[in-house]
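These are the structures in question, set out in turn.
Next, two complexes with subunit A in common: one pairs it with subunit B, the other with subunit C.
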Partner chain A sequence: MTRRRLLQALTTPILLLPAALVVALMVVIPLAVLVWYSFAPDGPGARLSLDSYRRMVATPLYGRLALKTLWTAGIAALITSAIAWCPAWALSRLPARARNLILLVIVIPYLTSYLLLIYSIYVVLGPGSPAMALFRLIGFAGPGASILYTPTATVVMLVYENLPLMIFVLFSGMQRIEGTLLAAAGSLGAGRWSRIRHIVFPMSAPALVSGLVMVFVPMGGAFVESQILGGPNGLLLGNVIADQMTRADDPSFGSALSLLLLLGTLALSGLVSLVGPVLEWLRSDRRTRDVRLA
Partner chain B sequence: MSASPRRRLRDAEAVSPFMAAMLGLCLAILFVPLAIIIVLSFNASPYGALPFEGTFKWYEALFTTSDLLGPTLLSLEISALVALNAALFGTMGAVWLDRRASRAGGGLFRIGLLSAITVPWLILGLAMLLVMNAIGLGRSLVSIYLGLLATTLPYVVFIVVARLQSLDQDLDHAARSLGANPFTSFLRISAPLLLPSIISGTLIAFMVSFNNFLIQYFLAPFGVQTLPLKIYTLIRVGYLPDLNALATIIVLVTCLLIAVLHQLGLRNAALPGGAAP
Partner chain C sequence: MLMTRRSILAAGVLIAAPGFARAQTRAFAGKTLTVASWQNYGADDPATLKMFTDMTGATVKNVFFTSEDGLLQMLRQGGVGHIDACLPNLQYVLPGAQQSLFTPIDTAKITTWKDLEPRFADDPSIRLDGKVYATPWVQGATSLAVNPTAFPTPPKSWKVLWAPSSQGKVGFFDDPTTAIMTAALYLGDDPQKPDLAKVRQALLDLKKNVKLFWSSGDDWNKAYTTGAITMGNLWSGLAGTLKTNGTAVDFIFPDDGTVVWGDTWAIVKDTPNLDLAYAWINFVTSPAYFVQWITKPGPNQELAVPVNQQAVKALPQAASDKLMAGRLLGYTGKVALQAGLSAADLKKWTQLWEEVKAS
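After this line comes the complex of A and B, so read on.
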């Protein structure tokens, strides 16, 4: 018994050690260092100060850039969910064989290098391509123009690369909705549309919220998309952050901007996740009020 | 009105034509750009101009004159090393998490792993570079290796842990009560049952590491170009016929790997002691 315990005491740290060391060195310590550097504008050894944050607040450009980034990511996340919703619902009602096949097919672009995806969108959005003709037809772009090198192209790319993830998340939520519920509603006279509106939509709302959060956070950190496709007016906070590290060589300011971006996306995600519970609370409140009145 | 309950259920479950059309449209959106690249890789014009004229010369160029081959091989080497190590360390970590971890320790480990895949890689890559500069590694192959390892470990750990949790621990206990020591029992009982999930984790780690542009962007030594970095510098030049050929090959390989993952998933579900994921 003691020998076994000794063996366990010896093997336990060995099992954990490599992974824990890598995670500590490359994830935990870097994030802590990021916070520290943001307070150390004169190098890590020097006195701590708020100078980087002061500079960030004093220049309205950065605030505007942060808002533009959150706005772009938010719009892209909403468009992604709007495009993904109906396909996810259709998938969740298909027979297992067809469903699994389509899910597998959808994984392909998700696991393909996103630089290749950016390149393919770059080719598709080129001025002479048929896709642009279609965009002009539905009024997405002016006559003779290409949306390449505009902020719209960034949004198109963000939607394109996050569509598979959104479909997976929505699908896994919708899959749990029992067909018997729909059948019951149907036999009580609910039509197709009202079943979607009163059963499917509320029941898949949590999946919608987690899907929005899951695509929104990486979208906020986008930088290659806007750099290659976004053109001169399409720069986002991510571009400025990358420049601080590579060209401007100001790690302290880059760290402060990174924290602004991280906290901004997290705060907005938190707000979105709160919408559901708050609505629920308001509704239950009204119900109890009604009961009391009765 | 006289429809049977079963008929009603079937009607309620049926996919409406509108929803099916939206699904088709969505698939088209996802695959038209890739299909265009694949078609253009067989087009003779170096600018992607029509009319279409079939050729294999871009594939030939890819393996002879193209400067894409070197970066591709480098990316393959790095990713293979990272994926194999992630598989080893990740499986060890998963076993620790499932069998040995205290609640607090396990929670901390999970939070660390989750941070590695939820914090945008732009920010994480930048933070890694700060630390690498501070400890003197700077931009180097070692830094790339460590950075990619950190971003791939979570996938392996979470996939293997999910499988471990669905394993019947009684099998292990039975082996132990019959006299096997923990190592033997792990190697002879748990490891074979875990193998499909370990392979799945390795393949996903390989793909994530191969495609992780941002970590490579911040940690690659100047002058060393992995494939994503090479594409990044070339893409501003414009249309690249040999990149079309390479993209076609990469998409096909991805399809192959996904098919393998799917097969593993199926066998995974059919194994004794395990529930379908």
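After this line comes the complex of A and C, so read on.
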């Protein structure tokens, strides 16, 4: 092998090396430590056992909390995508200058400390806020009512925090849909709804799935939002993990719960990622059947 | 100007301080004392550090921890032999002593020991095998607070939080020890060894009335000032600050008892500066230190009530009132002291509290 070929063969591994090192240091090693701690209830270096997992399984509370956490994150992710879809589509059709300006405005909350965002939501959701006045007007709330200190406030906060990210991901996917394609469909008689249903939605579906996964993962691990805004019934698994790691001084049990949450999040993310390929397979299967029948 | 006995005593303390300083000056010149504490909590107050340097010639190097577990971890992972003195909460003195992280204290060398409140000085949680491992420093209460507009006649019992009429109006501190001890006081049980089954049921009943489990002063302030809550348990220092800033709040020591916490100074094992560490503890527990720290605190300093009774007497009345110091020291009712829990009990209490919150 010549030196040039050797260099060509090594180029890809060399380019991947920095990222691989970062992943090893920031993901693989901490994850390995987490797994190790979960099997070491008496501290690292002591005997290994399944005690933390036994405790987790023996107390139904933690399984219930894990489901509640995944449900909350799932609902928040779906609401985020529903709200983000229209603005993302509108942005993708705007001229570059106006689009960049609006994107800049959208990114501001994303660059703001999440604690500041949480405290700013007090003004929006407090008893005397315009939002609550609107709810009162349409009969959704009584006088003096507020959704602060309820699980709904946690969902609102998670949506608010992650909306810019979802808009960005959807926008980047929708930007690739050529206007000429829509014009061609129109010239063939497809109406507005038909073009959205048969062209825009299927072509932006991969971005939607990516966006759902990207916002669902941090939502599943959230705990500050539920601590401050969630009220007495807003506890999520993230709060219990934080408690175990700090004041209960039980990193082994905290690690076991973290792995439960991680597995739950991965499983749901995997399921969401499978939706696109399955739908595509079903469509292609139907097309094949139609061709055979013809 | 009207000179009260208290102001004369305060002036005397400040006048006496330079004399104390001259006596100690240069005794530890060139030495550096490393102290581990919370940030903005007395040990890093610039003016008092200058007083200490003027007195001893030594400089102070601050290292900060962000949780009590973090302090013990810091000592275990290389702090021993490098950190000289540290500031554990009363609940963490025994775990630290059991892990051989602290040096026994010779109380004869603590010049302020005789002035410390007996409730703290005699507490078993600073002792192990007959030896003392910490010097009590400051204290505070987590007691009943109500909005006087909602309660023109202040309630006298924790029962008010459990009353059906309090539904959705209670702010309760999100801390297992405080929660369980408060429930035990409400039940008339022993707060140190409560019947956990009864406590669990009492906390579940209480949860029906809770609007917010608060974990920072800011959480409480926002909920209280917007009217979302009208009662709950609250830190004495925060209640004093609210009152001073013009917010109407009644801070009550109920007839059924109150929860009290304490912070202490311990000397770290194998300190290379043992005598200097004693000089530091004598300084930070002295009336001169407290008068300076509490009356002219540096930016963002969190204040608390001295355990040294002479120091409380030396404080100007306004400063003392702001901290609720006189009321706390004068309280003769039942006290649930947040003292050392065993690791097993802490785990049990934390799990119980989590179950209550998650139910």
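One rule holds for everything that comes next: the second predicted complex is superposed on the first by the 249 of 294 C-alpha atoms of A that agree within 3 Å, B and C clash if a C-alpha of one lies under 4 Å from a C-alpha of the other, contacts with A are read in each partner's own complex, and residues count from 1 in each chain.
Throughout what follows, a contact is a pair of C-beta atoms (placed from the backbone, for glycine too) under 8 Å apart; a residue touches a chain by one contact, two chains touch by 3 or more.
The model shown is predicted, which means the values in this text are computed figures rather than measured ones.
K.L.:
With both structures lined up on subunit A, is it a clash or a fit for subunit B and subunit C?
P.N.:
clash
K.L.:
Touching A:5, do we find subunit B (first), subunit C (second), both, or neither?
P.N.:
neither
K.L.:
Between subunit B (first) and subunit C (second), which, if any, makes contact with A:228: first, second, both or neither?
P.N.:
A:228: touches subunit B and subunit C.
K.L.:
With both complexes overlaid on chain A, does A:250 touch subunit B (first), subunit C (second), both or neither?
P.N.:
Only subunit C; A:250 stays clear of subunit B.
K.L.:
Quick one: is A:146 in contact with subunit B, with subunit C, with both, or with neither? Answer first, second, both or neither.
P.N.:
second
K.L.:
Which partner chains sit in contact with A:97 here, subunit B, subunit C, both or neither? Use first/second/both/neither.
P.N.:
Touch status of A:97: no partner.
K.L.:
Who does A:34 touch here: subunit B (first), subunit C (second), both, or neither?
P.N.:
Only subunit B; A:34 stays clear of subunit C.
K.L.:
Looking at the overlay, does A:47 come into contact with subunit B only (first), subunit C only (second), both, or neither?
P.N.:
A:47 contacts neither subunit B nor subunit C.
K.L.:
Tell me which partner touches more residues of subunit A in the superposed arrangement, subunit B or subunit C.
P.N.:
Counting residues of subunit A touched by each partner, the higher count goes to B.
K.L.:
Considering only the listed stretches 20-28, 146-154, 218-226 or 254-262 of subunit B, which one runs into subunit C in the superposition?
P.N.:
Clashes with subunit C appear only in stretch 218-226.
K.L.:
What residues on subunit A does subunit C touch that subunit B touches too?
P.N.:
Common interface on subunit A, subunit B vs subunit C: 119, 122, 126, 228.
K.L.:
Can you check the complex and tell me which residues of subunit C touch subunit A?
P.N.:
My answer: residues 67, 69, 174-176, 207, 210-213, 215, 219, 222-223, 226-228, 343, 346-347, 350-351, 354-355, 357-359.
K.L.:
Considering the complex alone, what residue numbers of subunit B touch subunit A?
P.N.:
Interface residues on the subunit B side: 5, 8-9, 11-16, 18-20, 22-23, 25-27, 29-34, 36-37, 40, 48, 88-90, 92-93, 95-96, 100-101, 109, 112-113, 115-116, 118-124, 126-131, 134, 146-147, 149-150, 153, 157, 181-182, 204, 207, 210-211, 213-214, 217-218, 227-228, 231-232, 235-236, 239-240, 243, 247, 250-251, 254-255, 257-259, 262.
K.L.:
What residues of subunit A sit close enough to touch subunit B in their complex?
P.N.:
For this pair, the touching residues of subunit A are 4, 7-8, 11-12, 14-16, 18-20, 22-31, 33-34, 37, 44, 83-84, 86-87, 89-91, 93-94, 100, 102, 104-109, 111-124, 126, 129, 131, 160, 163-164, 167, 179-180, 182-183, 185-187, 192, 195, 217-218, 220-224, 228, 238, 241-242, 245, 251, 254-255, 258, 261-262, 265.
K.L.:
Residues of subunit A touching subunit C in their complex?
P.N.:
Where subunit A meets subunit C, its residues are 59, 61, 64-65, 119, 122, 126-128, 146, 148-149, 227-228, 231-232, 235, 239-240, 243-244, 246-250.
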